[in-house]
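Beneath this line is the structure, given in structure tokens, with notes to follow.
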Amino acid sequence: MRGFGDTGELKEHCGVFGVFGHAEASNLTYLGLHALQHRGQEAAGIVSGDGRELFAHRAMGLVADAFDGPTLVRLAGDRAIGHVRYSTAGPSAIANAQPLVFNGIVRGPLALAHNGNLVNALELQAELEAQGAIFQSTSDSEVIGHLIARDRGGDLPDRIVSALGRVAGAYSLLFLSRDQLIGVRDPLGFRPLVVGRLRNAYVLASETCALDLIEAEYLREVEPGEMVILDQNGLTRRRFAEAERGGRCVFEHIYFARPDTELFGQSVHEVRKRLGRELGRERPAPVDVVVPVPDSGVPAAIGYAEEIGARFDLGLVRSHYVGRTFIEPQQSIRHFGVKLKLSAVRDALRGKRVAVVDDSLVRGTTSRKIVGMLRAAGAVEVHLRISAPPTLFPCYYGIDTPTKQELIASSHSEEEIARYVTADSLGYLTLDGVYRAIGRPRNDHCDACFSGDYPISAVPRESGAVPLRVIGS
Amino acid sequence: MRGFGDTGELKEHCGVFGVFGHAEASNLTYLGLHALQHRGQEAAGIVSGDGRELFAHRAMGLVADAFDGPTLVRLAGDRAIGHVRYSTAGPSAIANAQPLVFNGIVRGPLALAHNGNLVNALELQAELEAQGAIFQSTSDSEVIGHLIARDRGGDLPDRIVSALGRVAGAYSLLFLSRDQLIGVRDPLGFRPLVVGRLRNAYVLASETCALDLIEAEYLREVEPGEMVILDQNGLTRRRFAEAERGGRCVFEHIYFARPDTELFGQSVHEVRKRLGRELGRERPAPVDVVVPVPDSGVPAAIGYAEEIGARFDLGLVRSHYVGRTFIEPQQSIRHFGVKLKLSAVRDALRGKRVAVVDDSLVRGTTSRKIVGMLRAAGAVEVHLRISAPPTLFPCYYGIDTPTKQELIASSHSEEEIARYVTADSLGYLTLDGVYRAIGRPRNDHCDACFSGDYPISAVPRESGAVPLRVIGS
Amino acid sequence: MRGFGDTGELKEHCGVFGVFGHAEASNLTYLGLHALQHRGQEAAGIVSGDGRELFAHRAMGLVADAFDGPTLVRLAGDRAIGHVRYSTAGPSAIANAQPLVFNGIVRGPLALAHNGNLVNALELQAELEAQGAIFQSTSDSEVIGHLIARDRGGDLPDRIVSALGRVAGAYSLLFLSRDQLIGVRDPLGFRPLVVGRLRNAYVLASETCALDLIEAEYLREVEPGEMVILDQNGLTRRRFAEAERGGRCVFEHIYFARPDTELFGQSVHEVRKRLGRELGRERPAPVDVVVPVPDSGVPAAIGYAEEIGARFDLGLVRSHYVGRTFIEPQQSIRHFGVKLKLSAVRDALRGKRVAVVDDSLVRGTTSRKIVGMLRAAGAVEVHLRISAPPTLFPCYYGIDTPTKQELIASSHSEEEIARYVTADSLGYLTLDGVYRAIGRPRNDHCDACFSGDYPISAVPRESGAVPLRVIGS
Amino acid sequence: MRGFGDTGELKEHCGVFGVFGHAEASNLTYLGLHALQHRGQEAAGIVSGDGRELFAHRAMGLVADAFDGPTLVRLAGDRAIGHVRYSTAGPSAIANAQPLVFNGIVRGPLALAHNGNLVNALELQAELEAQGAIFQSTSDSEVIGHLIARDRGGDLPDRIVSALGRVAGAYSLLFLSRDQLIGVRDPLGFRPLVVGRLRNAYVLASETCALDLIEAEYLREVEPGEMVILDQNGLTRRRFAEAERGGRCVFEHIYFARPDTELFGQSVHEVRKRLGRELGRERPAPVDVVVPVPDSGVPAAIGYAEEIGARFDLGLVRSHYVGRTFIEPQQSIRHFGVKLKLSAVRDALRGKRVAVVDDSLVRGTTSRKIVGMLRAAGAVEVHLRISAPPTLFPCYYGIDTPTKQELIASSHSEEEIARYVTADSLGYLTLDGVYRAIGRPRNDHCDACFSGDYPISAVPRESGAVPLRVIGS
């Protein structure tokens, strides 16, 4: 939904937000989730607490649709956690919305919001079910709750640490109990998680853009392998795991994070402009004008145009009115697809040699349509430039990628893809170019989608058939 | 919702229906639940199966509102169980709708529909949570699922029997697994459960009126302490418990069951007419006309009028249009209450001595209004007759009764109550009269609400505060 | 929806209610419409006024569903009129809901609520359209508004009288302008309309049962050909037409009016019992038990049983849960129809000779199913008795009757109908018997549906094809 | 909703689309309205026809929400007209949605879709009501229907011409009757209207971007004072009025039209870039970077940056997720406003001198917030440049402008406004600069919002109080 280049086919799973110690905790969480809306648009939820009770509300849809004024008032208390997510398909989706709430754990309910993906969830679920556990959702996140419920010793942080000792994968997690708000980031730090402060309150969020909106001060990243505990004693840190390398998702830089976010210590917007410049250095094109695939391709196109010394123009216009409710007429003789989202500006393109810059190319179908639109509008040459390497491998750490067969670059050469998308030339950025733009060592990052170099050896098991179908809402 | 005498304040908890081996299993279940609608109007659900998968749909509201055509089509397969219930108050009610579905039990999901109430549910829930179980609802029925999930040995019937060995209380239960539909009735047989046959299919239902609607043949009651297993081998019976006495709910005869049902081997309509005749014998009144509180008081009023030789007339008319959505204007200077549901027919009452027959008197507030309406319409004397003994004790076995303090008869004499309801006289039926009308020994029944003689010694524990509030739907 | 005998196939079009001079005008109208709900269940509306503005709300569905608390609060002012109706089929129905509101008439908007039917509406509509009038609905009532709008002289009552001089047919009308609430009944008085008083306020209503609910005092009928004007000067009467005969609808007595209403000066309940007694005198049956088709057949069955000296019993039970949302499963192999609404009580019928009393027989299909149900429940003889003459002619004055071809009695003899409905015998009441029961002269009434004797010579023209279809809500 | 600079406070009223002679007429209209969505987001409607009947559907909301597949199927036929609009406030809005449909005009219904605004509507409505006309909406467009209905002579085109002889103001109109689709543009041509062809079908649309989406060929503008008649004879033209000057809305170029539209014979995108260049020439600023207020300010910012030789960057990011449903928390201590829609990119702004380019400045409140955001993100200087002259006068021809008092430029000097919005400098474009960028003579255009030079002498009368309030939907 965010970009309409081929990148639109990749989807982030989730965003999380939490605040402790502010009279307007649920209002702030609502605003914070709105700022994180690009990380998940299918469902939203908030659980708040006042030290005695927890209050929960989850619903399908955008944050703006999921909450109204009276609901926010009823989400009482000075602490809250929230979650936005892509839900699984089908009408049962609401059962997978988060925060999940578990009853009967350590004197009362425990709420959990998870960004990431566990690679050994199915093994653990089978083991837990064999012990009599009953699962309500098909979410890997529920495994964490059951592990905590079964653990017998210690206080809540101890039990969380013990449970996390069993799981492998990517997780930026927020927990809310009666007394504590706890944030955790996995030992490799796949997904972002930051700490901020708003007067006396502490804030945890997936991205700094959520801090900016509520005018909270950005303090620092939650470190990989670190737990942050917020309670009446203020903020306490605890290190629960060490890793020899990092797993920061390089795609957060390239596409997922919001451009105004400071991610892993870098400005996303600046990194993207540098990706464009590196791309211009590696793969210049003899063109009259550089146009981005809006909106996510804009910074890289600006950098690319500056680097090669060509004019930048907005040759493609994006409709503001395409959401998931737009349905093409069923009986129509034509398929509209990307035409409903993007349109070409004839006078900016007619008779020109055009470089079009996008941030990824997944299946190639969308790029093919975009190149066609540019040509129909009069472009005499179209050179497609991608501000990332070819996407070759699926992600197991929280991005919804197609299977390897569907990733066009895994079975076709650059020339073949250029022919398929009908471009005069196609140029990807190299992985080296990516790290030059990021300006931090490769060892801190996960680039498995480009390299196949998975930082965790385990690979998710395929689920067996799911034999229960919930019908209707 | 059913009657509008004081009985309207007592609510049955649930009705269940199941069918195995019929191509239209979910359609039949939908119709069967419609026939059982008087047993629960707040939520309805069906789980069907085709031998491979289960399909589930639950929703708030009447059966007619909860299901539509496409939903029934998607509830595929030749077997199904369904449930109607009164839900607990509040927006989280849908989580308590049934059938409940448990994943991961004995090769796949298990659905459960429960009519009745367990008296040791809270103790068992605390014990299970201490072992790491996570409860999703506040329903006592969920305890049964967790007990089955934790049991390790044997096939599904064995595990159900083992789990039921832990619970005490009233239960008519239906289970649906991938392969089997199992019906169970508790050892005392508090709630009804019957078996029927429709060509090659077997049917289980709370009442025979559900068999009549779908033109199934009534075979017999499921016996107290009996399990009925329906699978590819046909119908198998299994006796899992014996009891020295019965606990058949006497109030099913007096009020809950539908008049066209054959309950515990008797015609409900005939029993109710006989209750009226016994009442006429014990407590005649010198009146010109006998009027029922419609609709449930009609048969007893007919019997009473015949016995005392007075004319029967419909002096009170019931509105067909009062449902739970009718809201009295908030700013109104008057309270309308029962006037919105019942109205008096002036010319049937004016100048007459009237006996008004109802089937119970709980708090007395409704009876007071009815007597007032009859007098306002011109009745010169009003004699209130109740076709049951005074309600003195709460029910722990599946009827939603007020607390003892709210039961007016537990603290007031017949004369005091007559004065409160402004009747010229008040007459209850004796417990002996009830059993004469029923025509079966008292030892087969539970009449604890009248006698305080509870067939099970355990009494439900009060729940602690529930600290999670789910907001919105 | 009210009865489930064959009478269920006849539908009243509307009910009206108005109040002037009460601080809770819209609340009282809401309650009054609820009491008149049996006269129309498809749509409801209220227009209120405070002397300066009018406030309007109309919606599909029952009164209880159409209004909520905030809406009633916003219907401000001390005067209001309301309407319940059967809407025409199709999604455009809301445009036909009433009260209609016309702008630009005599210093501000004018609201109109109509019970009845005009026989020259299509002629007038064609004439008005030829003069440039634009119609928004397909309701005959809109014609009245256009006639008033075009009239140039005099005050509002004058203009209404002038407009009514053009129309022929049945109308009990309420108008609300900024200053006045006006009630009008057509010169023959087809439909009822009564005046009541609630302290200083005046009330106009279709039936007295609406006065009873709000505890207003019944003053008298609005006379045929009379206009009642309520404004700051209190109540003013005006006679605008005289007629040599009356046209009071005899079917209001037999079926439509609520039993607790005093209609045309008579108790509906008592008239119906007398209809049953006359039927017993004219057409006795050698039976063991008399059962009504509930609910509307009950009083006649009581009278019939008393007259022939047989026992009365409730051998058919009516479901409280069948509304217009209940949809039979589409793929079902059987058609359930009346079985979903009525069920037979086996033990009240088995081995007995049964007289079943209903208030009309229109197409015969429902009666046939009821007789079948009684036999299936064990009745050895079934004698069908109808407390009215055969329905032979369509109604043009506000009742939705089938065409003449569909009226079984218009083409079949009593014996043929008895055979068709599989009854051992069939007996109608004579028209003379009807008037003996009513106790007033035939010349005051319209019995055209039985006699073909239409009090107005004009017959409605058939509409041409309606060329506009409004899709969706 | 389109831009988030101050221009967001100006709202276009409507867009229209029609097609004649294509089997998928309603599908194409649905797509065409989607392409015109920026011209009105509050309501949408389509009326189609098959030569015998018309089919209508109107609903509140975006095109994507207002129509679904089954509705489009039911909008049958080979011709259709559609409309998107801003509705008036309040729940009665649906009554003002278009196309309006009038019954009883020239053998059947007539549908009408209107973009523009009449200046003598209230006078005409009063005159028509005095003649007995009844108005259903508060839309000026309804006047046109009544005028046509009252006209007696000639065929439909004649009657339309005759009716238009009475009205003054701006109108691009589409009519659909049983036989004809007629497009009309007012004599001064305030609003755009173009003709296109799709194989054998003709298309009429507000903007060419709607033709592009459905791949129709753009033929030409409908001329001011021209009527285009589409029927079985193909396309017929008729000139019904001449004017000495034109009234093409200059603000369509500056802000309203979509950048990929060819408007009044010019590319909107190119005109906007030229507006930026003229602005750079007239009002250069000594800056490091030029940033647009996205999205509508982008082309002018590109032109401005090119002209002054500074770097272009996307220093403000626009949220994709703000629609009209987003509600700020009511109890919040802060007001978020534009911060929910726009966010500043710190690293693109920090330490830089910034020119920010927007396309209008209406009240100044939004500009003030944007300047504040840029400074908070680290900009050391902020120079606000507006690619249009100061907005000084209200529009009477179809744009929803604030009153003169609310237009900050009508009472404050450039310096005062600069101070108010806290900019280091403020620079508007001159009217001469606008026309240099447009490249066509001023006499063809209306620039009354800048100059007060209204091409029509009449000024709309204020409406009296509207005395009817419709409550609820």
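We just call them A, B, C and D in the order they show up, numbering each chain from 1.
Going forward, a contact is a pair of C-beta atoms (placed from the backbone, for glycine too) under 8 Å apart; a residue touches a chain by one contact, two chains touch by 3 or more.
None of these values were measured; they are calculated from a predicted model.
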Set of chains adjacent to subunit C and to subunit D: none
Chain hops separating subunit C from subunit A, counting only touching neighbours: 2
Geometric centre distance via CA averages, subunit D-subunit A, whole Å: 36
Averaged-CA centre spacing for the pair subunit D and subunit B, given as whole angstrom: 62
Subunit A and subunit B, separation of their C-alpha mean positions in angstrom: 50
Sites on subunit B at which at least two other chains make contact: none
Category of the chain touch graph - line, ring, star, complete, other: ring
Full enumeration of touching chain pairs: A-B, A-D, B-C, C-D
Contact footprint of subunit A on subunit D as seen in their complex: 1-2, 24, 27, 30-31, 34-35, 37-38, 41, 62-65, 68-69, 72-73, 209, 212-213, 215, 258-260, 262, 267, 269-270, 273, 295, 298-299, 302, 306, 311-314, 317-323, 325-327, 329-334, 336, 339-340, 343-348
Subunit C to subunit D touching residues, read off their complex: 52-57, 59, 71, 74-75, 101-105, 108-109, 125, 129, 131-136, 145-146, 149-151, 178, 465, 467-473
